[in-house]
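The two complexes that follow have chain A in common; it is paired with chain B in the first and with chain C in the second.
Here is the complex of A and B:
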């Protein structure tokens, strides 16, 4: 090919306009959950691992036996062995028990068939500790505390306490559980008769005490704030009621108010916040990972998700992004989100910001991830779709018909708030024929004495409205209402009276402002407010054609946006299986599956017939 | 590196600029013409009258007391055509005259008799003239009509026109006629155009009609301008102006207009005051409406076409002053017969008049279309010339359905 000037020109134009593959890595797209990708599924370990597990159990038993033999030898040599006799006797019985548990068949059976939760406690403190670690997925989950200590007495017994930080009353735990056990009993003879009963009767001044020998009951109790104490050589644990996740500091939600449902809101304390979520969601599946963010000021960032529901790749991606933040200081969850979201330059929010633990819990159960930053009362939930921003916290507390009315009202409000000023401008400038004559003449009549063009009136009033709104936020609280009155009433009235704006503009701007306040999410409302001005410019220049063009562009923008790999407009674009909770919501007993777009591990929330009492054959035979 | 976004932006701006969306006008830059009256002027000129809305007086709020005084202004000028008239109008008013909110054309009888074809070229082609603009013929001067129209209930004359013509079916004494419908009939193979008949009543209470009531109807037929009354808005709509081609040839009075609306199949309701079949000095009041659309058949096998019409009416009894038990039995049949006869005679009289005028207003020509294979054959048949000779077989059936709130009455007690 001859390299003449035309080809050179053609190539340069092609280089400018033609497609070039982007230099950034491909965007993260959330894929289906594939169990074989994730190594952390506990239930189906391969045989090799099981064998290894069994082998190391045996090894640990051997170590213990060896230690015991050594101890026995020293005791026998020291000639004061009658004192130690009780301890040795007890230890022998414990070893016997452990041996009987360790018969390989039993061991294999225990580990392959039974999940750790349903196991009974072992006499070995080592084994018990390992089981607890498996249940709570330690050390990933780091608000679960294992506190090792020895009980003061004769002999000193090794023990450890399990509790969840933020859900227990620390003072209570220190003063009435750890202190009496560790300090008070200098000369008490232990291992006489029933050990746990002796402890309960003589040592623990706590008022709520239970004894338990299964991990299931321990887990339930710990999840609700109790402390479990597990002793060496005893296959029974003591559960002490320490459940007082601090109420102090938890106040009513100021931003997301609701008539129904929980009123609690997050506060600034990190552990209180995680405790609030734990108190809503009492399952050990709830993982609260902590990641340190910031180089200068290292601050805790909690990543909350339900391990058996949330998509593993999604969790990995969010974790990777948070770990990939290199900055010296982060003070706010909003700042953190801007570091990790997909489209930081688009004003529409891509995460749901909430200060309500009940909302966080609801979203976690759907398979989403919550991000919490230390010292910040706002939790951000990812990924979200556009429609989530029009749901409110109390939607599920009301009946569907009522809620659907309110949801339609909110969407309509959003639509009115975007479009009303621009449609007025478009029609009054370009499409006067579209109005009935009387209405047109009424509008024209109201504008007769106004000197400014209509678009200027709208901009002026919208600007004043924004001023009032911003001023209302910035001034101290008790002045806020008076600013609203001065601004809205007096200014509007005076502007109309002075023939600066026509009354119809005041009506339009006021109803637009009102409509924008019914959008539940503040950040979405702010973005929509911004959008209004863009649409206004288009409508004033090109009429309804411009408005339609702008809407098309917004639609394109929305359709290409992703919130953490999940398309922003799901389940509309792309079309996925929509549950009964997108724009409208169905009855709560028909919300059988989780959102399809989240590609969760467990799609189903409840069986198709979730109201089992409706079954006909029940009730006749089952009743006592 | 920013070349691509900049180019994209430029293309976008270019695409938007070339949309041609640059006709923005503030509402205070436009004068809205509400009605146009056209009279014939000497030397083949038109005397055009514009009624233009004055939005000042329509502003809500502050001073609404002097509202209905001057809601619009009137401008009269003479020009050879409507377009030229609009040019001249721009020399008179400060704002851009806009016709898109025009409600009615009022055309004088004199001009209509000369033919309206020239006007319609503009009406249909120009973007701002809507097909829904009403068309009215006035017996007298259109300028005077626009001047003297003083609606009692409406602030704007445009509203008066709209409300009048949109609720014509309350009596069907005049028909709704707009320029689209007129144009369609003007250009189609069959169907004569018609327009609303307007007139200025002198308000002296004199009965100018002086014709005989047709059938057993107690009231005679009126054209606009003839209704005996002494007050109210001098302007009245009554009857229909009938055209042959684009030329006005005659009028149908209100009774004939209602008969026409029966045959057109759009009579919704209408009251009738009939002579009592048994006591001719007393009267019976009936509310009639169409039971179904009239069944029309046109036979063109012989040289003289034969039109068969079957009309089925339903009626409700509203008042029987003689107290005769017309609600049941043979009496009912008697009354139904009375209604049928009256309607029969009214329709016959209407058809005779249109045949005399040579205008097929009912559009019987529509019913012969299936009998031809091509448009050319249809055109060669020349229905309009055959219509005046056509033989018409009319059959009217009436069924009284309801008798109002009373089952039965008795005569007034004699002293």
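Here is the complex of A and C:
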């Protein structure tokens, strides 16, 4: 049937009369984290789970023993005993050691008292592999690499290397670690003496090398960019210094420049970017999940969060949204965010875009999630509040008083940027009595020869300013800034001389433009620029009444918005525990808790008295 | 139910409580109260505020025993018919307040800010301003009010303190006004003007607990009462009794006479901003409460289709009174019945809840 105007009209009337609310899923609201979100440490595991884990270990040992017995039987039957003797000897030693680790007392101790990372290495490569997988939460963490290989020699020993992609120098790893171990030592007898000692002395040419028998030291080393090699049958690992994450030399931050703090910026290389974040946050709790986005050109998208802090519901929701993108190609994080944010049609940003790894690390520690797309140097952080856009990268590098002054200045700049032209229009059109007589006369005098109405002057100048700004960005290099200066000077002066605009308008538009550059976030500044034109229309129509109404509507918009389930105006509305970093910033040693609105798993960032040295000094001074 | 509002806390409750009671000082009621009570008029907000807080406490007690909103609790206590009757009464109260506020704010906008604008346009503007906000739901409305509250209170305090040079403390004497008895009697009657505060009871399930409701009542109504009293005190100190009774918009008049120096001569524009924000938010809250109750009684699945229709009716009704004086006269009559909704119904519900609760306990013991 043809869908003509009558049918459309009929459907509209029918919809109005028999209105039914659309059946859309309820909007996502970030709630308190549930008990099962809490980090799984060994102490909190139920007894059954511990018993199951111990039973599994015994089973795996039994399975290994069974395999060994079969192999031994085969060797004995084939009468090649002398050839396989080394391997069998090594295996017997390993089984013996593993058995000693599986005594009920040790097993119970390992399984119930210590967290995985505090455990000592087992002689079973399988057990060690499982522990490493638990520590790094594999396969969720996609940049943690486990490389299996066999060591050349007699016998061939199975081993695996653990390292973080993006934090190691691949060439160094290949040439100085894997190659010597896998290719160069066929004639070497490996079962004599101390195995790891022999490997370190004879096989590895690296200058940074050490041995370790605990997972804690392995974790620390791997998080710093080293590679750990774990062998079958040996309860000791070798840690080789292969760290070479990209730092500082890569490039300076172009958009978020700062006087203090790290100057490194992300690049287009995916693994370098994840490595930069890892180099800032050296913890195995940092999860970097990789999700493929795009059906035609599958691009890696990294979801970064700290597992023991970030709210699990939030992580699940962000992951669900990213996985729910059905498009053939995504080339930019900005495009990705539009697919997943709560209000894509509202111009105000709902995620914080940054090119600085230090900023990403800071937000991850607060319990937020970072989203990185392959081939893009900008990381988006979610969820954020309105106030986050007025914080700059170096806020925490300076003293609170200085930073607070700067923050107030930024907010004032944003306010002036929004309101100055419209308040001029409102007062000059409707509320002239609000101005002192002298100022009123001065303005009237300056406008005497101007032929156009005030609103037209403002729109004309604002439009010209936007043209200059856009041209300055598009024209490459120093020519861009030259165009800006020349354009602003010549255009402004010529317009005043030609009586097209009054000098007061030039002052207002210039101040407005200058104020808009105070806003640290480019996308927020763009949205505010757009808002200025809307407010101008309201002010020109209803004066201060229109302006107040428009402000109210903007407040309504902000109060309704959510950034990934977190209200945009939090912690002001809805009121949550604010902490000391919203509009103003408190001393860093008093910022004991994480933002309440994020409903993180671990609310406390530091103890109430974080400057323990002060407490100690006090204690000492009290003594006679 | 899709029209069930979201979750609200004490802050949102305080916002709603303040916005529903603050109108009385922005409008012409201070001069009317001054005329009746004399120099003790500043005590009226305290007394009527205490009465309103008490009646909200009674309702909180009722909701503790019989959880639900105003309609469902009344239904549990008195049956469906009584719930419908009380529901219709409050719908009428909220819609009347919305319509009278729309007209009053529009008329006074013409008077203080936009003298050349049509009254129809001003009414339409306020109606549109409110309808857009109602569409976003009570959670957002309450949050916006709470967000705007510090600015509103700060601007009012700035206005009051800028008139400091004109304060004459002697105007506050004789401190007993026209007699303590008269003040007490009139204050009880005038508490009906704050019938809008029952919005907290209408939206009771949205608040986390009855304790939240009580906190909102104490801090919201209590804070608003202190502010009202201070406005009265300053108003009396600036204009005195005789001149004060002649002023139509007291706060605006204070803003007009304030003079700081030759560079800051007129601060009425501050008042316009407060005026518009408070006006639209008050109309919004009343409109939402009326539409919400209507949907609740008629068991509609959503309130959104009712918003344009209800706004249109409110706007049309606002155009009916021939002038502001006629509206004020009508409002003063209607507000007398506000006492019924603000005080009498809560008391009745409280007594019924106690009786029913005792019966319930008696039945339990019998078993």
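The rule is short, and it goes like this: the second predicted complex is superposed on the first by the 563 of 624 C-alpha atoms of A that agree within 3 Å, B and C clash if a C-alpha of one lies under 4 Å from a C-alpha of the other, contacts with A are read in each partner's own complex, and residues count from 1 in each chain.
By our rule, a contact is a pair of C-beta atoms (placed from the backbone, for glycine too) under 8 Å apart; a residue touches a chain by one contact, two chains touch by 3 or more.
Quantities reported herein were computed from a predicted structural model and do not represent experimental measurements.
Chemist: Have a look at chain B and chain C on chain A after the superposition and call it: clash or fit.
Modeler: clash
Chemist: Under the stated touch criterion, which partner chain does A:429 make contact with: chain B (first), chain C (second), both, or neither?
Modeler: The answer is first: A:429 touches chain B but not chain C.
Chemist: Taking the superposition on A as described, I'd like to know which of chain B and chain C A:543 touches: first, second, both or neither.
Modeler: both
Chemist: Could you look at A:447 and tell me whether it touches chain B, chain C, both or neither (first, second, both, neither)?
Modeler: First partner only.
Chemist: Give one of first, second, both or neither to describe whether A:556 is in contact with chain B, with chain C, with both, or with none.
Modeler: The second partner, chain C, only.
Chemist: Examine A:328 and indicate which partner it touches, taking first as chain B and second as chain C; both and neither are also allowed.
Modeler: After superposition on chain A, A:328 lies in contact with neither partner.
Chemist: Tell me which partner A:16 touches in the superposition: chain B (first), chain C (second), both or neither.
Modeler: both
Chemist: On the A-aligned overlay, A:575 touches which partner chain: chain B = first, chain C = second, or both, or neither?
Modeler: After superposition on chain A, A:575 lies in contact with chain C alone.
Chemist: Considering only the touch criterion stated at the top, classify A:503 as touching first (chain B), second (chain C), both, or neither.
Modeler: After superposing on A, A:503 lies in contact with chain B but is clear of chain C.
Chemist: Which positions of chain A sit in both the chain B and the chain C interface?
Modeler: 16, 430, 433, 437-438, 542-543, 545, 549
Chemist: For chain B, which residues are in contact with chain A within the complex?
Modeler: Of all residues in chain B, those touching chain A are 3-4, 7, 16, 19, 21, 23-28, 30, 32, 34, 53, 55-61, 98, 100-101, 103, 130, 156, 158-159, 162.
Chemist: How about chain C: which of its residues touch chain A in the complex?
Modeler: Touch residues, chain C against chain A: 2, 9-12, 109, 113-114, 117, 125, 129, 132-133, 136-137, 140-141, 143-144, 146-148, 262-269, 272-273, 275-277, 280-281, 301-302, 304-305.
Chemist: Quick check on the complex: what are the chain A residues that touch chain C?
Modeler: My answer: residues 16, 19-21, 427, 430-431, 433-439, 542-545, 547-549, 551-553, 555-556, 559-560, 567, 569, 572-575.
Chemist: Give the list of chain A residues in touch with chain B in this complex.
Modeler: Checking each residue of chain A against chain B gives 16-17, 428-430, 432-433, 437-438, 440-450, 453-454, 503, 540-543, 545-546, 549.
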